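The two complexes that follow have chain A in common; it is paired with chain B in the first and with chain C in the second.
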Partner chain A sequence: MTATVTTPATRRGRGPTRKSVVPWLFLAPGLLLALVFKFWPMAKGVWLSFFDVRPFLGDKWTGLDNYTRVLTDHRFQDAIGHTLILGIGQSLGAILLGFALALLLEGQTRSLKILRTAVFLPAVTATAVVGELWRLMYYPTSDGLLNSGLHLLGLGPVQFLDNPDIALYSTMAMGIWIWAPYNMVILLAGLAGVDRSLYEAAAMDGVSLWQRLRHVTLPAIRPALMIVLTLATIRGLRVFTEVYVLTGGGPAGSTEVWMTRAYTLGFTRNDIGGASAASVVLLCVTLLLTVTVNHFRKRGDAR
Partner chain B sequence: MSAPVIDPVRTTVPRPAPKRSGKGQRTTPARFDTALGWNDKPGAAWALRILLCATALGIFAVPFLAILSGAFTKNASGSSLSFLPHDSTLLNFTVAGERGIWDYFSNSLVIAGGGLLLQLVVCTLAAYALARHRFRGQALVLTLFMLTMMLPEEVIAIPLSLVLGDVPVVHLDLKGTVWGVILPLGAWGFSVMMLTEFMKDIPDEIEEAARLDGVGELRMLWQIVLPLCKPALGVAGVLGFIMIWDQYLLPLIAAKDPTDYTVTVALSVLRTDPEVGSGVVLAGAVIALVPSLIVYLLLQRSLVSGIAAGATKG
Partner chain C sequence: MGVRRRSRRLAAGLVATGLAFGTAACGAGSDTSGGDPNTLEVWTRSNPDPAATYERVFAAFTKKTGIKIDYQPVINFDQQLQSRASTRDLPDVMINDTALMGSYQSQGLLKVIDPDSIAGHDQITAKSWSSTVGIDGSHYGIPYSRQAQTLMIRKDWLAKLGLKAPTTWQEMLSVAKAFATRDPDGDGKADTYGMVVPGSAQNGYAAWWGSSFLWQGGAKIVEPDGKGTYKAAMDSAAAVNAVTWMKDNLFCGDNAVTQPGALTAVTGTATNFQDGNAGMYLTGPYNIATFDQTLGKDKYEVVPAPAGPAGGDVLADGENIYFGARTGKTKQEQALAAFLISAEGQQLAMTGENQPVVRIPVNSTLDAATVRDDPRWSVVQKAYEDASQQFPNAPDFAPIKQDTADSLNAIFTYCGGDVRSQLKELNETLDGDLKDQDLLK
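Then we have the complex of A and B:
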């Protein structure tokens, strides 16, 4: 980032005392809000995860009990599997579909711009609204929206949300639908940055379209792809709203993910300690993943 | 640490559009304009592209028509739905109104308006300090704001709900008030980062000239820096709105009883109400959809450039 360089020499003429206080006055509201509503809850969550939290009776220190209880609970273990399947499947699907959309809708004509505006709609719609929309599409009888289409193909009505074997993949499809257009926008920005003369040079060398895509386009948009991948992975692990509004974790716990499980534990079963421990585990994994991806990206970016 | 935020200034500058209108003016053939070498002359590839575009439109945009048509259809249910309304009626909206949808909607508007205002003020102030001042601990503050982006509501939801019930030091109960949703949204790392990057690009000469004229810090921000930041403020505003409107877990845990819900959370109340049908739920969904749709269509350019610069949705 070239813009980050500010020469100290140009910043002079302010008294030392004023100079040191002024920035903190401007930062105060933001730091205060972040402290009270982000960092304090985080610290409190870590703290509570070591306690058996009992309202009115006082909290009792239990060490790592909450952690062992959560990590050995088979419903949490199932949730890990679901979270991974959902997170990875959704991320990969949304990246592939987003890339396909970007390739399809790249261009400067007016009609393409209108198309992109329309295709991007799922990404700006509130997740709760998207949930209602897909609930409608997945309506289980043969005259539901998707099922009537399948009916035309001679396929029987599919219980998209009521069949435990299918519900997780139905949720995944909705996730892909939400995030593919979003990825498309990031990848389009990447495609716009590809040097056009490279395409001409490739044409002169008689390179096929596939080879051009593979050896010219893909390397050029690698940074954009990495951003998309990072965001998607981190998002995938903490998926909550999509599942909560579409299936609520059901049927028979088949779509229960880590965060919906923690939510149920904390708010319906009032096990604050256990829910905190589950959140801390997720937080650690998220941070670890972020740091790792950033590390590799930095190494990859070093030119 | 180079976070997902990449320089918004550079990415928002549109690439000069290749000339397409004038006859014979084009310097490079169209097949070099896109990665797949799409041609705008009618042919097999052209027909394939139109077919694929229609499919994309059918998958990503047409389903919204189903919500609309269901909301305006009498006795709508999950079956018997189509993409065009039959038996058009406003009855669903009337029933949704009786179930308090407009109260939820006004909750949402107050939270979105207040939250966005607070967020823009807080983030602008912080960005101004980070971009136009040098002070000890600057890197630490920058890291802290970056960390807020990695602490999504989901992960801190349980302790946050306790904090909202009893704010440390002042011992206020914010649950059941709009402040319980507005205040946690105030410090948004993404806006701080983006505005900081943008403000850094303002030439020092402008600031120095103003200082010579005796302009103080607040006037400097309000009269010199902010007018130059309008594009970045637009991006922060539209992304902030979409992000706040999309909030689900936060209004859920900040509520004391269901009347405190926002319109998006209230959809589940309508859905579980045995006395109302799908049509009413869809009417609610349309009401929840319209504001974000208006904001998106009006400020699309800012939104798209902001996301291209590496924004996160939540």
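Then we have the complex of A and C:
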């Protein structure tokens, strides 16, 4: 965009012309909103992470103290481990399920449209509501939905949320349920762009279903997969609501993730500086991961 | 071309005007009550139901004094307060938990209060006033409502099983087991539980609920040394014994003594007592109004908490009135506080259809049971006056409560753990919290 805007300006050799200003004017509302509600708070968060924050007594500069405190806190280290397990598991699960759903629900029939809408519902339902729903489904006696099913098979009851060895995976299952339909939509868009003649050619060559998936579908939807993967990674790392509404980080901290820990620091222990430091670290990690994923994508594209 | 350019210019003009309006609106919207000296912004941590009671109280105040109230019931109070603090524009008056005073004071959020400046201050007992003294010896709050935990227990279940309300831990345990196993609701299914426990570490609930048991076992979380400093006391033999008893009998013993999911339950999700499938609940008296409606007044009774080896002390807490720092409306704030603690203001807040926001009045001319014409409240008042302990009010107790809750929740979750070493670890963490506040002995 900059190229098309600046070319006429440099040709005339003068300052900004009306032509170069107008696009910026149109962008201005969005940029201004982003500045006020995104970039300014973000910058302030980074700034606060170097202070002992006490708005009414004056902030005290502590340098990297908050960072060392956060990174050496063993509960934060545990939380990082849980975040990685939850993030990776939830992302992969949601992508696989989303892909399967996309393959099943691809097409133009009216019934498919209705089905797709129904399947998409979890993604538009408020996470707090979903959390309550799953709390009921996970109810730890044979009255609970899942446990009554297990009861019929002569199993359980399973303490889905109260057993510290299982709670993280129960949270993961809910995360997959929420995010799979979201991924499905992006992948469906990708599938719609696949050249039909390739499928026909493949059919004539008599390939198996697996070979068709592996050599035709997957390469064709690679861009869509990359988007889904990037989004899922970011979401996985900053996961908060799912955990907060389902377990609150418990039992015994077994589902505590990065953001719930930062929240506890900030809002129950009133340590805004520490919470900011934790969030900045998360921002850096996310940035790093996004850049890495992009790098590999570009390298792949070049090949 | 000319037309196109003109339309572009028009669009740009529109955008610019829109932006100008947008920012102007932002500037005007940030401070609604701050400008008007005759309007007080008041925050309470309330759900819609108790908020209705507050609204009635404030309406009466406005009618009497002409001072308007911009009332905000805030559920996630501390989160909202932190964001308001960062803009250095606090609500004028806040009504919130007694245990938060040290935390607010340490952040400089509160005005110092001279009790003599509040009309009717002499109707509050010295004991109540002493609970609002901060670390530097000044008062930072005005007592508003007090309460102590009592045991709510299913009267009909006791009668059906031929049992009496428990008075000791051992009796409580046998009643809980009977409720869980002897089918007190008579539906032929094993779907009842002994007692309700909000045992999650979230917001420190495990420590809030568990503290009564700690007091009853003779334990303390932190101990003052009388010279303004404290030390952690969770490694005492009394603490080890009390926590071990809770762990072995309530969480790692027979099933169904506590409700399923107790270790991730907060008070909002621990609804088994009002749902009618759990028989006991050690909790605060604000629930009486709720239980009367959901469960029925005839189904349960309110009794003193069963005593442990060191007595029957329960956790006492309540709400204070706080004045936000630097709000510049001291006279109006004092007028509101005087009304809130007056017999009239307290009575209004104790009665009505909605949840009462004053549980035990701090105004010593009133009696909870008489005002409400409900003898159950005398059980609560007696517990508060004779057998209760508060969290220490001077230090910033928030981190201490949170760390205690984290530790108790972990101890109750991992049945194989060693209580003594886990509590020793907690004790070191608590000493660290005190050291952070320069309060460690």
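Basically, the second predicted complex is superposed on the first by the 264 of 303 C-alpha atoms of A that agree within 3 Å, B and C clash if a C-alpha of one lies under 4 Å from a C-alpha of the other, contacts with A are read in each partner's own complex, and residues count from 1 in each chain.
In the analysis below, a contact is a pair of C-beta atoms (placed from the backbone, for glycine too) under 8 Å apart; a residue touches a chain by one contact, two chains touch by 3 or more.
Just so it is clear, the model here is predicted, and its values are computed rather than measured.
Novice: Touching A:L161 in the superposition: chain B (first), chain C (second), both, neither?
Specialist: After superposition on chain A, A:L161 lies in contact with chain C alone.
Novice: Let me test your reading of the model: by the given contact rule, A:L105 touches which partner, first (chain B), second (chain C), both or neither?
Specialist: It touches chain B, and chain C stays clear.
Novice: Applying the touch criterion given at the start, work out whether A:M137 contacts chain B, chain C, both or neither, answering first, second, both or neither.
Specialist: first
Novice: Looking at A:T247, would you say it contacts chain B, chain C, both, or neither? Reply first, second, both or neither.
Specialist: So A:T247 only meets chain C here.
Novice: Just checking: does A:L31 make contact with chain B only, chain C only, both, or neither of them? Give me first, second, both or neither.
Specialist: first
Novice: In this superposition, which partner touches a larger number of chain A residues, chain B or chain C?
Specialist: B
Novice: Taking the superposition as given, does A:R238 touch the first partner, chain B, the second, chain C, both, or neither?
Specialist: After superposing on A, A:R238 lies in contact with chain B but is clear of chain C.
Novice: In the superposed arrangement, which partner chain does A:R269 touch: chain B (first), chain C (second), both, or neither?
Specialist: second
Novice: Between chain B and chain C, whom does A:D52 touch in the aligned arrangement: first, second, both, or neither?
Specialist: It touches nothing on chain B or chain C.
Novice: For A:A203, decide between first (touching chain B), second (touching chain C), both and neither.
Specialist: first
Novice: On chain A, what residues does chain B touch that chain C touches as well?
Specialist: 22, 25-26, 29, 36, 135, 139-141, 143, 266-267, 272
Novice: Hey, which residues of chain A end up touching chain B in the complex?
Specialist: 1-4, 6-8, 10-11, 13, 19-20, 22-27, 29-31, 33-34, 36-42, 44-45, 48, 101, 103-109, 115, 117-129, 131-133, 135-137, 139-141, 143-145, 177, 180-182, 185-186, 188-189, 191-194, 196, 199-200, 203, 209, 212-213, 217, 227, 230-231, 234-235, 238, 240-241, 244-245, 259, 262-263, 266-267, 272, 275-276, 279, 282-283, 286-287, 290, 294, 297-298, 301
Novice: List the residues on chain A that touch chain C in their complex, please.
Specialist: 18, 21-22, 25-26, 28-29, 32, 36, 53-57, 75, 135, 139-141, 143, 159, 161-162, 164, 167, 247-254, 264, 266-270, 272
Novice: Applying the document's contact rule, which stretches of chain B touch chain A when the two form their complex?
Specialist: 1-4, 6-7, 9, 11, 15, 17-18, 20, 28, 31-38, 40, 49, 52-53, 56-57, 59-61, 63-64, 66-67, 70, 78-81, 121-123, 125-126, 128-130, 133-136, 138, 141, 144-145, 147-148, 150-152, 154-163, 167-168, 183-184, 186-187, 192, 197, 200-201, 204, 208, 211, 217, 221, 242, 245-246, 248-249, 253, 264-265, 267-268, 271, 278, 281-282, 284-285, 288-289, 292-293, 295-297, 300, 303-304, 307-310, 312-314
Novice: Hey, which residues of chain C end up touching chain A in the complex?
Specialist: 5, 8-9, 11-12, 15-16, 18-19, 22, 26, 76, 78-79, 82, 85-86, 88, 103, 107-109, 191, 200-204, 260-264, 266, 269, 325-326, 396, 398-399, 402, 406, 409-410, 413-414
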